[in-house]
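Note that the chains are named A, B, C and D in the order they appear, and that numbering of residues resets to 1 at the start of each chain.
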Amino acid sequence: MKKIINTPETFVIEMCKGLIKAHPELDFIEKFKVVKKKEINTNKVSLISGGGSGHEPAHAGFVGKGMLDAAVCGDIFASPSIKQVYTAITKTESKKGTLLIIKNYSGDCMNFNEAAALAREDDIDVDAVYVNDDIAVKDSLYTVGRRGVAGTVFVHKIAGAAAEEGRSLAEVKAVANKTIQNVRSIGFALTSCTVPAKGTPTFELGADEMEYGVGIHGEPGRQRMPVAKADDLAAAMVSQIDEDMSIAGAEVAVMINGFGGSPLQELYLFNNSVSAEIENKGAKIYKTLVGNFMTSIDMAGASVTVLKLDSELKALLDAEVNTPALKN
Amino acid sequence: MNKITTKDMTVIINTMADIIIENEVPFCELDSAAGDGDFGMSLAKGFKQLKKEWDELDFDDIGAFLKSCSMVIMEHCGGASGPIWGSAFRAAAKAAGNVEEIGLAELAEIMQAAVVGIQKTGERSFGRGAVVGDKTLIDALVPAADSLSASADAGEELLSAMQKAAAAAVAGAESTKLIAAKMGRAGTVGDRSIGYPDAGAFGLGVIFTGIVNSLS
Amino acid sequence: MKKIINTPETFVIEMCKGLIKAHPELDFIEKFKVVKKKEINTNKVSLISGGGSGHEPAHAGFVGKGMLDAAVCGDIFASPSIKQVYTAITKTESKKGTLLIIKNYSGDCMNFNEAAALAREDDIDVDAVYVNDDIAVKDSLYTVGRRGVAGTVFVHKIAGAAAEEGRSLAEVKAVANKTIQNVRSIGFALTSCTVPAKGTPTFELGADEMEYGVGIHGEPGRQRMPVAKADDLAAAMVSQIDEDMSIAGAEVAVMINGFGGSPLQELYLFNNSVSAEIENKGAKIYKTLVGNFMTSIDMAGASVTVLKLDSELKALLDAEVNTPALKN
Amino acid sequence: MNKITTKDMTVIINTMADIIIENEVPFCELDSAAGDGDFGMSLAKGFKQLKKEWDELDFDDIGAFLKSCSMVIMEHCGGASGPIWGSAFRAAAKAAGNVEEIGLAELAEIMQAAVVGIQKTGERSFGRGAVVGDKTLIDALVPAADSLSASADAGEELLSAMQKAAAAAVAGAESTKLIAAKMGRAGTVGDRSIGYPDAGAFGLGVIFTGIVNSLS
């Protein structure tokens, strides 16, 4: 394992401190690993997200005007604890209530929900939405549902803009859920990620193999297969998204999200392939984001996220945003 | 040995912590197949903290001791393990009550209460708690608890009952290899979890086996 | 070689097209691989940079308000040709003249200079500055001087802001040179980069080795050494920068630049180490940039850049900027 | 063979292109030690383009042919190689003039002109052109050109003179191993270039050797 690191134990704290040093407009509550805005506007709905670390810039990089009020940072790939989330809720309390944006993983759901229950006992108005945009694995009635991945960033952006407009908690929740209903993602990995504490790759890939449909924690996806060309990957991914949520005739926002180990040059190249496929399906691209937004430590690979837009979502997507990792 | 005193319980939990810390890396590897590779780390983190805060725990009685453990575990175990193991210890503490000694029947009840505690936590978040066959640690914990209950009903000896329970946990963990996960993080990867045991269930088998070995 | 790619031959063109699809405010002259602003303001000095590709987002990602007017893209690590640079100059001609910002490499110097000579024959007022911020290798009277690396991004930013203010070519050149005189960088690599056309790593590193003082094309640096901790690296790098250009008592801008394969989490962690060392040396940090700005394809590793500021440079650094890779 | 006709020159340049294209990867590897690993690619790109545009080249005479080559090379060789090889061909063309046949003396003059062309390009950018000892292709080109001049003065036979010149280029390339680069990209890495030959010089040795072998 070659990383820029001191010790695995101090990794998350040092990373958060480094973020704060570069962004003095943010605060870091070290004991609970909460990154929050210095000034909390108590006249708008507070938005909190978070989860395991290892997805940087998600989520702390999205704290700022027009997105989140706080991000709760767990250890690498491990949900933050109930007490951490509870602290974030109390430290960003607003007169308009708090919305938790949770990626749909068991650990996150349990810790965030239990924390919300505690906060409700304190008479804080807390509600939650669950992002589940990853189409890699078929949903079924018997399972816990789909994973939440890069589509979460669009939920942050749109809910953030709605909150900034002064909408009520119910309204912000409604538009967050509308976003969740209209966003789909799928990703692939060329290499495994390496969790610092473990020190070796989470999964093994042959020199000519890739994992198609991988999750953002190195979880397996649809299939192990030979490395495919960018154009072929784009065709398969866009087709599968289109099968799950037809995009013909729609206006869409697209995110080409790198997993951490793939350079921007490859992401831009991939956007060239993906955007052509999306237009082939009869959709119109309204906005495109290319970069590392929801990573998987140092995994090489990328995901494609498509969000179907209406005029409300377009306006909220375009609204002012100023965070470390997303500005307009 | 026919009773478990408060002192015995602290020794058992201390052994448990040692086993968990020893197995940090192998438990992570178990979680790599269909999960995110952090189970060992998440669990060990809480139990390392438990050992660190050991002197501040409450040693008044078994219930108080388990409850003080539950607070540390819930706070310091990462991921799903925090709420799951935290609520298991919390429910166990409540079931134990403020007693300084328990027998096999009470141990069985405590374990059954831990099962219910975990399931209630699941229910609050997912509408239902995990049951046997969902490929979670419940697949090891339930057979172990049931084995203890059966042994208690049959009037068996404590240590041999615990040995049987550990074997039941191992067998339960083994059976998770054959099925696809329906709950937990692995519940999002579908059939790709088949062929690998659930990390939490397998871990429980290892932990229970280690504890009974230390007592024998 | 595992990359998101179709063929090495089409790599640069597809990448530029993918960039343009995400940033429709930019134009791509495919035949000459020039990325330029759609609207050229002929009342400000035009700024052109570029060089070999493989350093994304540099330089095309810095085309936009407050930075460059055009970026000329060579093949991976190969300077663009005279004709390409000449085309960029003519297509962005302004009444106030053109400044070329050249990283100090033989190929870039020759192609940009020869192109400038051609443009001067067309009566275009062209001047140039040469960035040489890499302190890894000692300069000497007998060599071509130091390499230009990540400090180039600060030169783009500051010259861009000066041009935007309406300053003359001579004034913009002067402040660009002031920036060059006050900026120093040093980097290290944990892995080699892999040039797509070659398909194998440029250099070999053992499992526990790193290259200290590496260049942004995988050129060797000061020494091959065992992988060091983040804190130790930061201490060595900041000390060497301070030896070369004393920073005690100065206000500085800092850039933690990833080389492409290192995830943001490690860069933030590294910023924590570096900023502490800089403050130890008695400097005050005015602004910090953390991210991938001047990469080396997929190399894992990072560089530290320190720019000494005065009030003029501070104002220009803070001025409005809106480009794909840098916004405020 | 005692003269080089326009036709001969096109065959020589075509052979040169083939050698360069064949050696794309090894030439890149040569450039990896102290450079950026693209020399083979940069050079091959221009000469591939030359072969592509072959039918549109100017075959009127030796000077015209070399000049039309220089335009393609300057435009399509990447990096430093574009201006360097482009200006070498351009200067060579000028020195050759509009003739349809040259002898050894003229060949020597053409090569000397190429040296000067490269140096003038360097001068415009760096204040001075590369000389022998700077660890650039000049370290191979100058001995080769000088060998041709000496052979011409001695009235030697064309082919054997070319063989000697190729050997001189190889020896010159070999000698670059021992020194640190002062010009070119490797000129920024200091002593770290010692031990490796200069890619451009080594490449010239390979190319000249290949050409004389094809003529023998």
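Operating definition for what follows: contacts are C-beta pairs under 8 Å (C-beta built on N, C-alpha and C of every residue); 3 or more make two chains touch, one makes a residue touch a chain.
The shown structure was predicted, so the numbers you read here are calculated from the model rather than taken from an experiment.
Undergrad: Leaving chain A out, what are the touching components among the remaining chains?
TA: B | C, D
Undergrad: Walk from chain A over to chain C along touching chains and report the minimum step count.
TA: The fewest steps needed to get from chain A to chain C is 1.
Undergrad: Roughly how far is chain A from chain D, centre to centre by C-alpha average, rounded to an integer in Å?
TA: Here the centre of chain D sits 54 Å away from the centre of chain A.
Undergrad: With chain centres defined as C-alpha means, what is the inter-centre distance between chain B and chain D in Å?
TA: Using C-alpha averages as centres, the distance is 75 Å.
Undergrad: Counting only Cα atoms for the centres, state how far chain C is from chain D in Å.
TA: The separation of the two C-alpha centroids amounts to 32 Å.
Undergrad: Among the residues of chain B, which ones contact at least 2 other chains?
TA: Chain B, residues with two or more chain partners: not present.
Undergrad: Where in chain A do residues touch two or more other chains at once?
TA: none
Undergrad: Think of each chain as a node with edges to the chains it touches; is that a line, ring, star, complete or other?
TA: line
Undergrad: By the document's touch rule, what are all the touching chain pairs in this structure?
TA: A-B, A-C, C-D
Undergrad: Could you list, by residue number, the parts of chain D that touch chain C in their complex?
TA: 24-25, 28-29, 32-38, 40-42, 45, 74-84, 86, 121-122, 124-126, 181-190, 192
Undergrad: Could you pull out which chain A residues touch chain C in their complex?
TA: Where chain A meets chain C, its residues are 2-6, 11, 14-19, 21-22, 53-54, 56-57, 61, 190-191, 207, 210, 227, 229-231, 233, 256, 260-273, 275, 285, 288-290, 292, 295, 297-298, 300-302, 327-328.
Undergrad: Any idea which chain C residues touch chain D in the complex?
TA: Listed in rising order, the residues are 52, 74-83, 104-107, 109-111, 113-114, 117, 134, 137-138, 140, 142-147, 195, 197-198, 202-203, 215, 217-221.
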